[in-house]
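In what comes next, chain A is part of two complexes: it sits with chain B in the first one and with chain C in the second one.
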Partner chain A sequence: MNGLKITNVSKTFGKTNVLKDINVEIADGKFLILVGPSGCGKSTLLNIIAGLETATTGRIEIAGEDVISRDPKDRNIAMVFQSYALYPTMTVRGNIAFGLNIRKVPKAEQQQIVDRVAKMLRIEDLLDRKPAQLSGGQRQRVAMGRALARDPAIFLFDEPLSNLDAKLRVDMRTEIKELHQRMKTTVVYVTHDQVEAMTLGDYIAVMKDGIIQQFGTPSEIYNHPNNMFVAGFMGSPSMNFIPCQLTEVGGEVGVYLQGHTTRFFVRLSQTGKDYSRWLGKNLMFGIRPEHITDYAEQVGAQEAIPCKVDILEPTGPDTLLFITLNKVKVVCRVTPETALQHSIDKMPLYFNTAKAVLFDPASGLAI
Partner chain B sequence: MLNSGTIRWNHVLGRAFIYLMLGAFALYYLIPLFVMVVTSLKPLDEIRSGNLLSLPMQPTFEAWGIAWNSACTGVQCNGLQGYFYNSMIMVIPAMLISTLLGAMNGYVLTKWKFPGSNVVFSMLLVGCFIPFQVILLPMAKVLGMVGLAGSLPGLVMVHVIYGLAFTTLFFRNYYITIPDELINAARIDGASFWTTFFKIILPLSTPIIVVSTIWQFTQIWNDFLFGVIYSSGEQQPITVALNNLVNTSTGVKRYNVDMAGAIIAALPTLFVYVVAGKYFVRGLTAGSVKG
Partner chain C sequence: MQQAELQAQRIRAAMWFLLPMIAALAFVAAYPLLRSIYFSFTDTTLTSLYTGQWVGFDNYLNWRTLPSGRTIYRGTLVDPAWWNAVWNTVRFAFVSVSIEAILGLMVALVLNANFHGRGLVRAAILIPWAIPTIVSAKMWAWMLNDQFGIVNDMLFNIGLISEKIAWTANVDTAMWAVLMVDIWKTTPFMALLCLAGLQMIPRDVYEASKIDGVHPIKVFFKITLPLVKPALMVAIIFRMLDALRIFDLVYVLTPNSAATKTMSVISRENLIEFDKFAYGSAQSTLLFLMIALFVTLYIWLGKVDLSGDKQ
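== the complex of A and B ==
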């Protein structure tokens, strides 16, 4: 069965295209992430799924039923908002039961549902409090409780963790994931945080300017980005983009990189790719920080190259090194021990080119 | 460079000056009330012979009694009591209706915007600046057409319409601070337009309801112009009756009765300010409603 099917959805405000021909389909029970920078249209798309905004064109199907002309209340959805949107004058119990009350669920059953949800989210002690008496994390739980009480076909989350502090955000992220694994209900989750996207999603739709740039599983998005935007957006620190020229040396295809003092050749080891028509062309060499590193055993890594380090940033588990290649700043990630062992003028680094991606700088598309 | 001693002395002097000024202004405002109260408690002889500011030698509530139930307002000599009730009967429904309509207007203008809703709001705002005199004749014509001329219900209608601009402004500015997500959450929960209004929005509105009712109560209670024009005889509000009482000359001018009557006419608004003034200021300055 279909969890959610979005077909040719577009949205225009006057002359501005907020969404352009969006097509997404996920199976029942899957976790879909809509991620992108502010103004990319992800929240608008979520509101259209919820029925809070109308699409200019297109169809929305939830659990196999066309809902485009239905009111939000008839779409069998529940939503968690960024500001939680708890009803300030009602108690936690009142907040959770409000939707049930309106749907005329019998009192005894309401009581049962509230108790079940409260237990699941560990908010039994808070049921008689008002939202103003709760902390941010507790409000977040209540907002989820209100959604869970409904037992909907699909959950919609609109940046639910962005108002929490960093530690609580990580805890709640895990809880949401656990909850989803237990409930097995379809989820659409909007976020601008690529870590949330990677950790939570079964599928990720990376959006920019009202267009889905890439749709796929987290590992597809991370390892095989379609274009430079997706490559740069997902991952922290971002992927390095080094301008270079594709050359052939002794039958091997690769690129020359110029450091402060050394100039060296790195061989590309992508299998099954034919780069012959790009030879001699100016390209962008995309490589993530963790693929310029000190782990010699990495697949496809060649001999170590001594590089002069400009800046050294210890983060705890890793140390980030900033070097200069082909006149651009490049981030590398090494273990703290390596960073201490070697002189910063001659840091040995391995380039794992098997994980590198080449982009056409004109179109930004991956080759 | 100033040393710290000089700075402290400047501070003390500045404070002293401020309190002196405030005290002087407070006195200036309180003296008329003092004169009214003491005069209303003096017998006529004492008023004629004595000092305006002196305390009554034999305080008596006789003048209050006369003002309440036997002073002449024109040809009638039943005191102000009937008119006091008239004012109550006029003010309470006018205040409640205009506040409720203002709340609904504010709700629609912020949470259920429609094409042109900003234009409607701007036009309503202009209503705050329309002088009374401009609408006197057209309103008289309308009241005549709907058969409410010269009656208290007619007066209620006039005050509701005139007050709507203000109450809408109050509620609109208050509701604009309530996040739209709250409305969206209610929509997804299945709440209708009216359920959302009565169950979620109105319970959040206590501070602004207090502001609106106090504002409307004092405006309508103190109104003289609409009262004198759109009501007649037994149906007049207390402000008009007070004017008649003071202007009815049957021989001696009874200052103590005039003063007592004026205080009676002012008491309800005084009462409202003393009881609810705290909420009034709080409501006017109320900011966002953080969930």
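== the complex of A and C ==
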């Protein structure tokens, strides 16, 4: 069964196209992430799914039923808002039970549901407090409790963690994932945080300018980005884009990279790709920081290239190195030990070109 | 130690900033108030402003037992004209502020909605509030005039009244005339304060209520009203203070009508027109005490938060 099916949804405000022909389909129980920079239309899309905004054209199906003409309350959804949207004058219990109350669930059953949800979220001892007496993380839990109490066909999350501090955000992220694994309800989750997107989603839709740039599993999105925007948006630090020219040397296709002092050839090791029509063209060589590294095994046979490091940033688990290639700044990721062992003038780095992606700089599309 | 020094320094700086304000208030508010209260305990008249003698509570209440054994009570507290004014004022204040609060909230709800030309309507609705009271009172006096007034003319022409009514002069309608003009004039003020309160309410609470499927009327009573209540309570207190000491509108619209004479009007009458300066001062003092008592009760019972600390 379909968890959610979005067909040809467009939205225009006056002359601006906020959403352009969106098509997404996920199976029941899957976790869909809508991710993108602010203004990309992800929240509008979520609101259209919720029924808080109307689509200019298109259809929305939730759990196999067309809901486009239904009110939010009749769509069998529950939503968690960015600023929690708790009813300030009601207690936590009142907040969780309010929706049930409106739908005339018997009192005893309401009590049961509130208790179950409160236990699940560990907010039993907060039930008689008002939202103003709760911390941000507690409010977040209550907001989720209110959604859980509905037992909907689909959960909608609108940047639920963006108002929490960094540590709490990581904790809550894990908890949301845990809850989803337990509940197995379809989730649509809007975020601008690519780490949340990667960690939580079964599927990710990366959006920009009202268009889904790429839809796929986290690993597809991360390892095989469609275009430079997706490649640059997902991952932190983001992918390096090095302008280069595709060259053939001794029957091997690759690119020349010019450091401060050295110029070297990196062979492309993608299998089964025909680059012949791009030979001699100016391209963007996209490579993630973790693929310019000290770890020889994952890279295969290519030898280390000694590079001069401009800046060294220890982050704890690993150290980021900034080098210059073809006149652009390039980030590499090595273990702290390597960074200490070698001189920063001659840091041996391996290029894992199997994971590199070439882009056509004119269209931004991956080759 | 350094912390304490810094704290002390801050307090000193704050004092310097407050000083001009406190001095000005002492000069224009505290001094006249204390002087009025002092006058109310003397036999001062307009012609003997500086030579009044201390008479204690005589202006409030005094009594004399006649040789016949009959006791005569005198003073403001047994003056039927005063109690009539008190009743008029209280009635006026409660009716006008209640209606203004309800209408103001309704107008605010409308203005809070999204529609084209909202900015223009918001500005336009403030016009009655922006017109000086004297001007609007005169304007309405003409409109309500029994012979030339447009109100009578219109009501007469559509057949609602069979003879023209002297709205402001007639004892039965004078208070209603004053009330109507006051409501017309100050509803915009209420609406604006309520609107400010409404705009503080986060939008997503309403979105959450849509998803919960809450009926709009229930949304108003369960969500909007409790959230706008703090702003509304403050708006009501402002209006109540104004209404309890209303003077200009009554004085211009219905001069010398016992049906509308308020505490302020009657005390001015005694102070200036009847040359009972001390007696009028006593009435002013009573008015002050009543307003003080009312405000204290209101803040206490309504748990109004004027400090702005709570959210």
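Everything that follows uses one rule, which is that the second predicted complex is superposed on the first by the 364 of 367 C-alpha atoms of A that agree within 3 Å, B and C clash if a C-alpha of one lies under 4 Å from a C-alpha of the other, contacts with A are read in each partner's own complex, and residues count from 1 in each chain.
By definition in this document, a contact is a pair of C-beta atoms (placed from the backbone, for glycine too) under 8 Å apart; a residue touches a chain by one contact, two chains touch by 3 or more.
Keep in mind that what you see is a predicted model, and the values were worked out from it rather than measured.
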Combined model on chain A: chain C and chain B, fit or clash = clash
Query = Counting only touches as set out at the top, which of chain B and chain C does A:Ala166 meet: first, second, both, neither?
reply = neither
Query = Is A:Pro131 touching the first partner chain B, the second partner chain C, both, or neither of them?
reply = first
Message = By the touch definition at the top of the document, which applies to A:Arg139: first (chain B), second (chain C), both, or neither?
response = first
Query = Just chain B (first), just chain C (second), both, or neither: which does A:Pro88 touch?
reply = both
Query = Does chain B (first) or chain C (second) touch A:Ala108, or do both, or does neither?
reply = neither
Request  = Mind working out whether A:Ala50 is in touch with chain B, chain C, both or neither, as first, second, both or neither?
outcome  = both
Query = Once the complexes are superposed, what residues of chain A are shared between the chain B interface and the chain C interface?
reply = 47, 50, 52, 71-73, 77-79, 81-83, 85-89, 98-99, 102-103, 132, 146
Inquiry  = If we count contacts the way the header does, which residues on chain A are in touch with chain B in the complex?
reply    = 47, 50, 52, 71-73, 77-79, 81-89, 98-99, 102-103, 131-132, 139, 146
Inquiry  = Please output the residues of chain B touching chain A within their complex, sorted ascending.
reply    = 179, 181-182, 184-191, 195, 199-200, 203-204, 289-291
Message = Quick check on the complex: what are the chain A residues that touch chain C?
response = 47, 50-52, 71-74, 77-79, 81-83, 85-90, 98-99, 102-103, 132, 146
Query = Tell me, which parts of chain C touch chain A in their complex?
reply = 202, 204-205, 207-215, 218, 222-223, 226-227, 311
